[in-house]
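Letters are used for the chains, namely A, B, C, D and E, taken in the order the chains are written, and counting of residues starts over at 1 for each.
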């Protein structure tokens, strides 16, 4: 007979759930509000979401403080795992979301923001990602991932035009396949170790001395395929450009940051112990994957005609670049990953926001896509400030010092050097040069070409409102003055990563 | 003839491969979704089998959640298909390549 | 104020550039000249306050930036960098002053002021990462200048310029990170401070690799053969002011960096690579001189001549003795002045005729005698006529290298022949003969504004050619310290013997005094 | 005394700058007069210094200021007036004063009058630096300075293609030699530790012969360029494109002798390496006859004189090479006087003939240009070495030197050359001034030059006549610093036989020249005569095909190679490889972007394919790991 | 023995059913075969003693999911034969069979199951449902709740996407069009 379970509430550490519960509660609140009085203005929902996220952020600060004191906390039957990685990545997730949500207050009306459900789904998605990073249980990771993904598919589709449906369907279908891979991979791990918790898996495998290396590799292959999809590693990246193009620029920018950091954290938890245990195969495959992803994505970005697609490929390349951190697997590299991603979120969100404020509803004649390069031709003549800011983001993405992303790149390459991956460091560095070309291409269009005759005047801020401009302003300041905050950021990140045992 | 864990794993793998065939082969999105269901179900067999042979319930848990996930996916997937169908009156993925390159 | 003069020198132009956005278009030029003049005055003040007898860094400032990772804002100046800084401020000033009617003159001046910040920053930086920041940042304004105000191929040229140098410096960045890692391993502290790195003695094999990494970055910037092909395009397409700054200052970053980084950090590798580099430099000298001779466009001639002269600078640098290094630093300044002036001169004629093809000219000596005279003086300086500024540098560079290799110096010396060939041929095509084109018959001679820019250059060219001591003295003091450092750090026998110890020199000097 | 030194040195510079101020303005007489006066001042100062040196035997040595000082290197602007340099100073200032005054008349109608004097005075200044410097670096300043001024003056008529071409040729050829010089200087510095003459020469005996030989060779290479020795001689004849006063001053009297000066100045070095000396002497002798033969047939007055200069330079080098430095210097001085005179006379003729230079088109000019004729004849006699004119004392001395040192081949060559010299000198005298009047038919109306021009030439004429008489005091003076080898043929009989024989030989040559070229049959050659079609004539008139050779095998290939370097190597290899990398990236992108077909099915296939690829790798690796023992065994069995 | 027969029988059936699902060109067949396959899979669950899972499988899949799909099929009108352009079949079958063969080869070898401890062992005498409930509401309480959120998300997503509001796209409409539309709606409300 089953014996009754006695659990004390204290041992559950329910506090660990709070940061995830806040967005869920917020989402439910929004739904409830809508139920009582529908047809409210979107600004109310935006501010509501912002408030919820701010509270969430505050709680994250709280749990960061707890972590600094007590170290890693397990909670709720040891399903929740609040370590440094979880906190850092939640900071990024919530922080980026805070920056994203005001982008809904556009001048023009777009379909998705007319729904209160949009904001509810958005908050659910955040909760999903938060769960995903705050556990080492493969089941919870899976459920969190799917919650977030399903919400995300819907958010994309809600933009309500052909391309966004197409994007959503593509993303969804491939996501379903990736989910299949994920469950298969988990199954193999489970078959190998009888456990679905990563640290348990690690200890069992170590105890068995990796006797079933073939099985381990198969599990890794399916996990790689599944996270390769999430992190858009070549050749699992094919959804990325289409989905970015199909979704609104703001959401695309968001997608380039938040889902990836969540996936990175899981990948870190899952792959690093394997690399450290001497699974050479994984090291080799990751090496190849990193190099191919960086390089090929850069090469494809070169030939794009649309800025948003270009940025899509560029974020694939950045993801590949950051993936190197997992390959290197030192404290420095893992810190570099977070540092990079924090800096990247400012810059990339900024650049996508620049696209977002220039979004027209109908394409004028001669403009082939929403954000074709032609649209930005001669922008410095019509709107020098917009051009300068955009150029700033491009330079930062290209890794020109002293702008934000340079420091991330520098630290990441340094970690490669320190970790003994000199050739990788060189490849990473040279890839930045290749990437320089397509970022420059936009600068060239903006600064060195004449405006294309026929396109309707200055479109750089057709969609601008104060809140959008504020977000861009924040991103700009973050990009330029990153170096001032870098020391504290670095110390903070390093302490958190180090104390989590990575 | 004792049926061991490996039997189930092999069966599961074969089913998974069939699912993959379906995923790659189907152009009709609805039927493509069928194939993804096969993928998830094939894994469920393994989970149940491993759970049985190891005497551990975690596998069943996993399978349980996989079923939940599969159901949710169906809802969202069908929603997407309906939207698409309303606009285009088809659910053929060949029609779905306006974005490329 | 003197404690912070370097920071003021670096950030004053940037601040002025930001404020410049507010200034009205029509007053922008005056504003630019005023700012540049103040900057120049500050630079001169720096020189005035500079202690010629100190070989180390002066006016050092340190501000913690990322102490966790050893990156700090450290600036300082010694005899090696002092004059390049002055030159940079000087050229920005006369560059802005001589700016002819340009479209978007406001953007141009703002860009130039930003460029000035990066240029000064590169030469005062004593932290590798700060150095790198300015080094890379300098590409951006230059990209804009070439790309926005350049000739028909401007976009190609600017992008090529940017990417080529960018790629090179990324390799250098890896080298720097490696260097910092070594420092970390040796001391347990991260540091990017150059002066800290100086104290590090590396095993030879690492020196070689790191030397190569740094070399790629610097060589592309210099540009050394075979990495030079971006330069003719950049020069050919850039507006006059762009070429002037590019030739006068930006190229010097590479050679300066050799002296600041490669030599003192990797003395053994420097000795090891001395001959290969010298051979590259010789190819650079002769080959580019030949290519210059084949050019049809006067600006391309000057551009290739720059490459050729940079070869001599490299030769001097890798002489690894006081004479050669001092000579190469002096030649950097000399080449800055002379090639800057030549580009300005080309700009003068381009403004009038909107072509740079030599075949379009001919007989200008009679139409524009003053122009021909100044061009002639600068051309003669360029071919290394004694009593002009270039000669001092070339003479010392070659003299220095002669100690290392006789044959190679002889080959490098061919510079003075081939240099004369293309320069004289170009001068002949432009200025001699009958005036054949109708358009050329009534060209106005150089006007006042152009003279304001050119005459000081002529004066400097001759003044420093006759009396180089004010410049050579401080250079010498600092170079002696560098050479001594290299000698002390060298670990191989060969390097010890190739790099003379300063003690001997001091002994000799004192012996001289006794006599 | 320093005051005189600085006056002598800087007065020409002041004159030059003064003239340069008027450079771009229309002709002003003052721009010619002031430099001439300044040169006069310089001449007077030099004379005072000469007197001082002559009387007291003291030398003046000043150090004006530091030029370059770095590391171990210390180069000042130092000047020395000793016996050798004061000789040169006298020659330079005297000839240039004459030439300046003469040029006021000669350049009277030229638009570039002011510019001319600026250049010409600048040249004198450079030359003064060259001769007065107390170190090699200072010498090099002057060395390059005279090269520059020579460039400016040869190309003075810059609208003429041939003039500018010749200017560039001269400059570049000199540069080739200058490189040698520079290397020589480097060698001196690194071996002796200083570039001061006194210090360097003092240190030289301590060096090994090989080093000294190299130093000697490289310095001589420098001298070869400036003094237009074979094979760097072609520029001198082409330099005649410049105005005639320039030819007189630069390409006869002063600059071209700088090489000789250098060798003389470095006598202490060359004394240590007699082998190099012998080589110099042999080359000198060769050049002497080589140039003389070319002068035989040339149909351009100035070129003939130029070849004659070349030939005489050969003599000087022969003397210097044989160690008779004072003799070389003496011939240098004497030659400066009569050769300048000859050139200036030639200038008169040119002026009279509207710049026509072919003597065959002249004839009988003696009637209208008596003064010029007398001066030129005098100069030619001096050149030919007829007693008692200057040439006799200086040139015959060289023959004696060669004879006494038992270098009979050199002697023979030089003797032969003396005959040739006499022949070609009087060939042009005869063609210009005597014989039939051929010019009137061609439409020339010659007139005599300005009086003051003739008067200006007079001092040269006087010196050409009397210079020989100064030999004694000169010898005394210069042997303070130069080896005082007296050259006396041991037996008086031999001496007399030699002297008289030589004189007879020379006179015979003159007679032959007159006979041949005064005849009434002389016509303007039209390329039909038998002689003109002979091989020897063709060889000589084409200067042994050396310019042709240079043009075809050096200049053209260089030009073509340059173009090739640019169009093929630089653009198609170096640049194309850089662009190629970029293009390869771009092309890869273009070719593989099809992977992103936008078709969902393809995307799914890519995902599966990726997984399968990873799987296969995993299986391979897994199997390899599992059977690693067997694989190792197998591999060791294969002997790997 | 019974187990073996059952295993092979159902294995054959599931494979056949799923094979039909992915190959048939009749959507109805595919749906039916899928449903049948699902039910056969639940048979495995019962064989393996996971009764609760088997029940859930039948309820969720054959009940809910199939109903949804059937509804979808009617909506999309895909009951007739579905024409699909087939590309290179070689790639598809090549990839799948390679994958299958590789996996089968590996899975044919027994797994080393040392050091494996059942974290949530099955308890003798307790029903499967009880056991499952026990674990689900302790250890997997959080995932369970999140699954609820996920289902909520899916529900909202389904409603939103299939809803009528999606018919008109604000994204594509100009501002005045939107205003006009709003006015129309308000009018209707007033009427």
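One rule holds in what follows: a residue touches a chain if its C-beta (ideal position, glycine included) is under 8 Å from a C-beta of that chain, and two chains touch if they have at least 3 such contacts.
Quick caveat: nothing in here was measured; it's all calculated off a predicted structure.
Trainee: Can you give the shortest number of steps from subunit A to subunit E, where adjacent chains in the path must touch?
Mentor: Steps on the shortest route: 1.
Trainee: Applying the touch definition from the top, give me the chains sitting in contact with each of subunit A and subunit B.
Mentor: Both-contact set = D, E.
Trainee: Name the chain with the Cα centroid closest to the overall protein Cα centroid.
Mentor: Here the chain at the core of the arrangement is C.
Trainee: Report back the single chain whose CA centre is most distant from the CA centre of subunit C.
Mentor: Centre of mass proxy via C-alpha means gives E as farthest from subunit C.
Trainee: Could you find the two chains linked by the most C-beta contact pairs?
Mentor: Chains joined by the most C-beta contact pairs: B-E.
Trainee: Can you name the chain that lies farthest from subunit D, using the mean of each chain's Cα atoms as its centre?
Mentor: The chain lying farthest from subunit D is E.
Trainee: Please compute the C-alpha centroid of subunit D, do the same for subunit E, then give the distance between them in whole Å.
Mentor: Result: the chain centres lie 98 Å from each other.
Trainee: State, to the nearest whole Å, the distance from the C-alpha centre of subunit A to the C-alpha centre of subunit D.
Mentor: Each chain reduced to its C-alpha mean, subunit A and subunit D end up 76 Å apart.
Trainee: In whole angstrom, what separates the CA-based centres of subunit C and subunit E?
Mentor: 69
Trainee: With centres defined as the mean C-alpha position, give me the subunit B-subunit D separation in Å.
Mentor: Subunit B and subunit D have C-alpha centres separated by 93 Å.
Trainee: For subunit B, give me the residues that contact two or more of the other chains.
Mentor: Residues 5, 9, 16, 19-20, 23-24, 26-27, 33, 54, 56, 58, 61, 65, 68-69, 72-73, 76, 79-81, 83, 93-94, 96-101 of subunit B touch two or more partner chains.
Trainee: Quick check on subunit D: which residues sit in contact with 2+ other chains?
Mentor: Those would be 582, 593, 596, 598, 600-601, 604-605, 608-609, 611, 615, 619, 622.
Trainee: Can you tell me which residues of subunit C touch two or more of the remaining chains?
Mentor: Each of 163 in subunit C touches at least two other chains.
Trainee: Any two chains that touch count here, so list every such pair.
Mentor: Those chain pairs satisfying the definition are A-B, A-C, A-D, A-E, B-D, B-E, C-D, D-E.
Trainee: What residues of subunit B sit close enough to touch subunit E in their complex?
Mentor: The touching residues are 1-11, 13-22, 24-28, 30-31, 33-35, 37-38, 41, 44-45, 48-49, 51-52, 54-58, 60-61, 63-65, 67-76, 78-83, 85-86, 91-92, 94.
Trainee: Quick one: which bits of subunit D touch subunit B in the complex? Just the residue numbers, please.
Mentor: 593, 596-601, 604-605, 608
Trainee: Mind pulling up the subunit E residues that touch subunit A in the complex?
Mentor: 103, 106, 109, 111-119, 123, 125-126, 130-131, 134, 138-143, 146-147, 149-150, 152-154, 156-157, 159-161, 165-166, 169-175, 178
Trainee: How about subunit A: which of its residues touch subunit C in the complex?
Mentor: For this pair, the touching residues of subunit A are 380, 384, 395, 398-402, 406-407, 410-411, 413-414, 417-418, 422, 425-426, 429-430, 432-433, 436-437, 440-441, 443-444, 447-449, 483, 486-487, 490-491, 494.
Trainee: Taking the complex as given, what residues does subunit A use to touch subunit D?
Mentor: Residues in contact with subunit D: 169-170, 173-174, 177-178, 181, 213-214, 217-218, 220-222, 224-225, 228-229, 234-236, 238-239, 241-242, 280-281, 285, 296, 298-303, 434, 437.
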